[in-house]
Amino acid sequence: MAEPFIYRRIVDFAETDMAGIAHFSNYFRWMEAAESALLREVGVPLTASDGVTDYGWPRVRASCSYHEPVRYSDELEVQLHLKTIKVKALEYVAKFYVGQGDERRHVATGKMTSVYVCKPTAGGPMQSLALTPAMLERLAPLAEEVLT
Amino acid sequence: MAEPFIYRRIVDFAETDMAGIAHFSNYFRWMEAAESALLREVGVPLTASDGVTDYGWPRVRASCSYHEPVRYSDELEVQLHLKTIKVKALEYVAKFYVGQGDERRHVATGKMTSVYVCKPTAGGPMQSLALTPAMLERLAPLAEEVLT
Amino acid sequence: MAEPFIYRRIVDFAETDMAGIAHFSNYFRWMEAAESALLREVGVPLTASDGVTDYGWPRVRASCSYHEPVRYSDELEVQLHLKTIKVKALEYVAKFYVGQGDERRHVATGKMTSVYVCKPTAGGPMQSLALTPAMLERLAPLAEEVLT
Amino acid sequence: MAEPFIYRRIVDFAETDMAGIAHFSNYFRWMEAAESALLREVGVPLTASDGVTDYGWPRVRASCSYHEPVRYSDELEVQLHLKTIKVKALEYVAKFYVGQGDERRHVATGKMTSVYVCKPTAGGPMQSLALTPAMLERLAPLAEEVLT
């Protein structure tokens, strides 16, 4: 089974809410930041344009289950699993952890499906697109399953 | 079947991303803003404190499926359905629409489960709590199902 | 003296922080939302593209003084003054109020300068641009000063 | 003259807007994240509570001048200067840089004044407070000026 990609960040004060914990919408931003870091590492751009066509990875589905709160200044670790490579999409599972050693806790679990799309740079509708061979080659070693 | 609660807002420029569409994390904030408006209307506070104990509604699960993009300045309508009242939790389904008349499109569908909790004002762990009779009385007319 | 443009919104739960008040970065988003509403009302687009060139209004300066905190669920009123129309820029002053009647309080004052720019749709550097005669005609009645 | 405190982060996709650049409100969040990191390093908490009284550092003024846009994935460096320690407040100047070597550019300059305050944990108005001797001792070596 493929190793997860590890992404770390410190929880910002601006990410908390008046309940004293990180707002639940931030986990989706953190999942995306982890995806960005993964794609950057393997050399697949999250966004690209040749001036005629723009390419990107919009989300078609995202979910998160919250087990325990995360707080200001927590050192957050996101373990991002590339579960499945589909013809036109990537399916991720993100496990969120905080704390070190005995204090380490699995605080949330997210899922996200990103679809590869293009659209005219000058404007117009998005269209889904098959991943390129270069993308497949770079992403397959990280994936648990390749359905293409 | 109970009528959904209607919440409207205009998509802000700050809510867009470089793909030219509203960022997917915002739908969770919009779902929560719709929940806030619903609770405000029926007189159930989203957050309360008597100086000894704080009460709130953290999310334990949230998800969204994105059908079509939403753009800057779109007039967004959230139809919030209170699907189920449980002993300690509320389950919502949110349907997102943009456009008027023939242009009207169902652009996304979200789900969210909020749990009623308390914690000591002076700090300490959160604990889930049964909804009060007053809450049940105010929320039941909006719910499709009451499992208490 | 020109009347300010009035923009209202309810403070979201997601806009609060663990200090129990709205995070100070939100006032800049609110100022921009008020600017968007003003420009929409007079028919000057905040963003436009003809497929070859993109037009926009990036900020070159923004500031805010915070007099009193703003809280979840507060009904916020932004009084946006278009202070000065310059050849290539608009200078705004925003006064933030919450509360009604005797409870009404002036909680913050912001300033913002937006510059009119264009850039190639296919990518490339931004360049500042003189406001068009149509823009001047639409904006001048709202401005306290026109320096063009 | 005291050395600035260095804080680095990568610009997130979620921090961009439809103009293709980082939204101007994020610089205020980045300035605060740099302040958090500085205070963490010297051992002054950004937020604290003894269960009776809460302590914090709300902003009373913040401003930013934007020289050049910042983009998705840019490696941002914030040079945070603690300009002045006042009896009850800290004044910062933040210089934002992106790029390495010959490509390095000074993209923005921000200012921020944070006031030391307390309020009853059980709720009530905030009150400004003199910095403690322990805070002064920890912060003075970083400050360009101490006016206490």
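Should a chain be cited, it is by its letter among A, B, C and D, assigned in written order, with residues numbered from 1 in that chain.
One rule holds in what follows: contacts are C-beta pairs under 8 Å (C-beta built on N, C-alpha and C of every residue); 3 or more make two chains touch, one makes a residue touch a chain.
From a predicted model like this one, the values you see are computed outputs, not experimental measurements.
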Pair with more cross-chain C-beta pairs in contact, given A-C and C-D: C-D
Most distant chain from chain A by Cα centroid: C
Interchain centroid distance [CA atoms averaged], chain C/chain D, Å: 24
Where chain B and chain C are represented by their mean Cα positions, the distance between them in whole Å: 28
Length of the line joining the C-alpha centres of chain A and chain C, rounded to whole Å: 33
Chain B, residues touching no fewer than two other chains: 13-14, 18-19, 21, 25, 29, 32, 47, 72
Graph class of chain-chain contacts, one of line, ring, star, complete, other: complete
Contact footprint of chain D on chain A as seen in their complex: 10, 12-14, 29, 32-33, 36-37, 40, 46-47, 72-73
Chain C-facing residues of chain A, complex: 13-14, 16-21, 23, 25, 49, 51-52, 71-72, 121-123
Touching residues on chain C, where the partner in the complex is chain D: 18-19, 21, 24-26, 28-29, 32, 47, 54, 56, 58-66, 69, 126
